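Shared between the two complexes below is chain A, which pairs with chain B and chain C, respectively.
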Partner chain A sequence: MAQTYSGPGVFKRIRDDYFSTRLNTVVTLGFAAFVIWVVWSLFGWGIQQAIWSPADKDHCGHGSGGACWAVIAARWRLIFFGLFPFEEQWRSGIACAAIVLTGGLSCVPWFWSARRLSALWIIGFAVFYCLMRGGFFGLTLVSEQNWGGLSLTIFIFASVTLIGMPLAIVFALLRQSRLPWIARTMGVVIDTIRSLPLLSILFTFAIVIPFVLPGWMIGDKLYRVIVGYALFFACYQAEIIRGGIQSLPAGQDEAAMALGMSYWNRISYIILPQAFRNALPATINQLVITFKETSLVVIIGFFEILASGNAAYGNAEWNFAHVEVYCFVGLIYFTFVFALSRYGAYLERRMAVVER
Partner chain B sequence: MLALLKQKSYRDRTLQTLFVGGLAVMLVIFVMTARTNLEAQGMTSGFDFLERATGWGVSFSLIDFSTSDSYLKVIWVGLLNSLFLGVISMSFATIIGIAIGIMRVSGNKMAELIGTIYVEVFRNLPLLLQAFFWYAILTTLPKPRDAYDIGGIAFLSGRGVYLPGLNVSGLSVFLSAIGLVIAFAVWLNLTTSRRFAKMMPKEKTARARSIWLAWGFAACVVMAMGRIPDTPLLNLPYLKGLNFREGIRVSPELLTCIVAISIYGGAYIGEIVRAGFNAVSNGQKEAGFALGLTPWQIFTRIRLPLAIRAVMPMLINQYVWLFKATTIGIAVGFVDFFMVISTSINQSGQTLELIAILMGGFLCINYTMAFALNRVNDAIKLKGTQARG
Partner chain C sequence: MTNSQSAVRISDMDKYYGTFHALKGINLDIAKGEKIVICGPSGSGKSTLIRCINRLEEHQVGSINVLGTELDDNLDNIDEIRRETGMVFQHFNLFPHMTVLENCILAPMLVRKQERHLAERDAMELLTKVKIPEQAEKYPGQLSGGQQQRVAIARALCMKPAIMLFDEPTSALDPEMISEVLDVMVGLAHEGMTMICVTHEMGFARQVADRVIFMDGGEVIEQAPPDQFFDNPQHERTQAFLGQILGH
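Showing the complex of A and B:
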């Protein structure tokens, strides 16, 4: 029977990876001690000595030395749903689940065409919006001022992406335009917006736009901020798409031209599908950053999940429990962002295989 | 008319005119509406208000500031604070990033594990959340009376961190910092310029050493001249009554911004540094071994310089980005450029002018920074194909 070589044995591998030289041994032992210490203290604080039920909350605080997860048990509804009316919070929950489901479905290869993907997202978003706002089928109307917590974060993220993505394509095409004045003007606009901090853009849209727009165009502050954020997102995403377009061999466009395809046909059937494929890892990265930076709307005065976290410990009853609340909110952010970035890494590997 | 539209050059010209003209018309409409709106509210536009006294103070300033100083000065204070915060946090972020990057390529699985966990945790949480977290931690540290004592010279308390300082004037500290920048520029010039390329390595080292010695000497002289008379040189904080006296107080707000931006930026820079090391081809390392260099020499003389050069453009983007991140100061109450502008807007009502200053300021700083860093990149970038790809 033919023997297959299965690589070095376990002990050999451990020795190579951790104890190959004297220095390596010292480093390994030092770091291992550090890891054990961190894990042990976190275990002691977060699990062993922690207080879980709101009934024991009198033991919380400075005495016990453990985490006080009771605050989460008592205030999780505030963190997730903000000021949404208490009896209607199931709607907010289902709406969030709908968007998460939409996000999950868009990872399925069957949906990977512009038409299906946009149809999926428009439906998902419409479901979200109708559930949140209500006002029909006996659902009470909940205006945007009362939205908050995770659903507001998701609403801002989803609408920024939905408005920003088509805008980004337009921006990228304008910047790549054969007409010099259009390309140059668009370049100046994109570069200017890119060199400003997001916070200043949001701030401008929240407080300056009412000054410079005629009354009927002003709209609600939330929508102004979303439009501003979408513009900011579009400028970054346009550069990513432009990178994708530029990495295509010129022969692609030329061949399409030789076949007599019109500009729109070339763009929508030849250039953009390939450009998006090339730009996919950077796009996912941009989505990750966009999701994280929705937290900045707290500063403009919106009640998204970070603000509702602040509110959860911001009363006399729970004012010591800030670490626990931030850990919980951080965990929610981490779940979304980590899943998205892992998916991006998976796509990158998958594409690398295809190319080989 | 239709015949004209079929002519390509005419169509192109029309399209361009429409596009640029449309944007211009939009701008004009904005300005006109703004003017009528402002007139309706009885506000005067223009930059005259910059001369007015503010009437409010700032909690942190690198230069002397009082409530009777002008808006122009308070904006300058904010700008300086932002730059100060930016420089400090970028330096710490670079140090953390290089350490994490090296851990992730060290070949020791334990170090790699810690580096990976660090990057994944801190890169996947919003910067603002981290800032709130650190702010909550730093402001709930014990009162000064029970402050954590670090070797009797530094103290950690809920009212800030107290560090030992030097009894010298601010001007001399500033001058020595400028001297450091000059020394760095001269050293960069020495190591990269063509005139020195043929110099023996020993001589090069000697020159570099003399540059740093000269800077050290100059800094000592400047410090000695700027020394505040009749005080001990070292200025240690000590507890008196309910609070600390002397020393340098780093407020929780400033410290929060520094810690949050350094840790967050460190995770990103760590990834960039790792990418840089991966870009250095294995042949470089093997050639080093073949020449009989020690692992340490291979690391410091071959891999690190090549890696840093390979990722310089990415690092530049990251630094520009990190500077923009200093605007989170407003979330915890650190008086940075953005916060000064937003407070000025509340106090003076000159919204449009102040927003214009804000945007102008950020554009200037970012373009200057990108320009300067790109010059550094041009000076040190690889002139061959030592890096893969």
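Showing the complex of A and C:
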């Protein structure tokens, strides 16, 4: 039987790594004390001395020293659903769950074909839209202006990604065009949009576009904002995809050409699958940024989750509890972003195994 | 009028990269079933020449006719010629995100519209011919260089081409893997495939070539059957080149 080297014992390793000199010992103990103090304080504030039930809310903020989670218990529906009519909020909840489920399912490899993915998302969006807007089968009509909270955040993120990603592919291919005028024009468009702040683009699409376009093209403000944001996303993502394409050896395209494959076959079977693999970490990064920046729509009057969080503590009854509300909203953001980045890590591992 | 026995006919062809004159006045008539070996010092234009035959490079002057189809700006003609010519590259250029079998069946299914099970059957036959049927489900990155190059040959053959182009197929291989690739090529030659090979494997040239072409500075300097070419080269540049590669 082959011998394996198991290395030094745990204690020896800890001593070597953290206590090897007097200075190291001091630094180690100092940081350990600091970390323990932070964790202990958070534990005391967030759990031990916290007030959980709205019934005890009179104790909140009066020297109890703990967090007032009662505000979440009392106001969570406002945070999750915004201005959606109170009696109808179950619709918003199911709609939100439908989009999250659709997103989750599209992470499963079985769905990774153009036909299955598009069928999945068409159904997902249809369910979301019908439930949110209503106006039939006895569901009362709720216009887009009253959508809000988590449902709105997720809807904006999903739509921006779904419109933006195909657009990004088209932009990247045009930027790579062999016809210099097309490539150059696309380059100028991408650079222009990338040089503008997202805020100004959202403003333009929400406020300025209605003056410019004919009436039938204007659509609801929400959809204009989504289109503007998708355009912004597409320009960034196009550059990421272009980087992925350029990192491929020229021999890949040549081999496909020599086999007689057409341009679109080469793009969809040889170039893009490999380009996306190369660009995966940057793509996940871009998706995370896009998710978080959905909060900017608040400035043109949409009530996404951060804004409805503001509203949750924004009355005389709860106005002391902003820290608790922000912690809660932060936790929701964290849940989604963390899931996304773990999924990205899973994809990278999966591809590494395949290609080894 | 094209000779119906010609596989490739190149007339007065010139190729420029910008102002650089890469190929000068090339005239070449290659018959069906003929095996051609092209050799010459690096930068002599030999790779460029065979890459012009399937339009991986574009020529500027003169004409190239492949199996009766004129290679011009007509995309249908280019597609037609690429369907009929297989190419093997120095660096294999297998698709790393697909298994060996998927590499082989992709183009037959997309370009020849072959059904999957037929394409797979043909691919397995050809993988058996290049002696690696057991690697069909592996990814290219898991194979050795010699195995990858044999897969690349099988992949090209899956399109059932009439002409095979080899662009320095053994130059990127470790020495001990060269013969396994050459064996496959010799077998292919004995089956009567039309082959145009850019290679420095002079043993291979002697064994299978009908004609050896020596290029230098973008021109065809000399062409002759292998015995005559190696034993009695006419041009001094050919003599110098052969002296360098055979002289040690």
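The criterion applied here is as follows: the second predicted complex is superposed on the first by the 340 of 356 C-alpha atoms of A that agree within 3 Å, B and C clash if a C-alpha of one lies under 4 Å from a C-alpha of the other, contacts with A are read in each partner's own complex, and residues count from 1 in each chain.
Assume a residue touches a chain if its C-beta (ideal position, glycine included) is under 8 Å from a C-beta of that chain, and two chains touch if they have at least 3 such contacts.
Everything quoted here is computed from the prediction, not taken from an experiment.
Among chain B and chain C, the chain that touches a larger number of residues in chain A is B.
Once the two complexes are laid over each other on the shared chain, residue contacts for A:Tyr223 go to neither chain B nor chain C.
Applying the stated contact rule after C-alpha superposition, one finds that A:Thr28 touches chain B and leaves chain C untouched.
By the touch criterion defined above, A:Phe338 lies against chain B but remains apart from chain C after alignment on the C-alpha atoms of chain A.
Once the two complexes are overlaid on the shared chain, A:Met257 sits against chain C while remaining clear of chain B.
Applying the stated contact rule after C-alpha superposition, one finds that A:Tyr326 touches chain B and leaves chain C untouched. Once the two complexes are laid over each other on the shared chain, residue contacts for A:Tyr129 go to neither chain B nor chain C. In the superposed model, A:Trp45 makes contact with neither chain B nor chain C. Note for the complex: chain A touches chain B at residues 17-18, 20, 24, 27-28, 31-32, 34-35, 174, 179-182, 185, 189, 192, 195-200, 203-204, 207-208, 211-214, 288, 292-293, 295-296, 298-299, 306, 310, 320, 322-323, 326, 329-330, 333-334, 337-338, 341.
Interface residues of chain C facing chain A in the complex, by the touch rule stated above, are 54-56, 79, 82-83, 85-87, 89, 91, 93-97, 106-107, 110-111, 139, 141-142, 152, 155-156, 159, 165. Those residues of chain A that touch chain C in the complex are listed here as 249, 251-252, 254-262, 265, 269-270, 273-274, 277, 354-356. Of all the residues in chain B, the ones that touch chain A in their complex are 12, 15-16, 19-20, 23, 29-31, 33-34, 37-38, 106-111, 113-114, 120-121, 124-129, 132-133, 136-137, 140, 320, 324-325, 327-328, 330-331, 338, 342, 345, 351-352, 355, 358-359, 362-363, 366-367.
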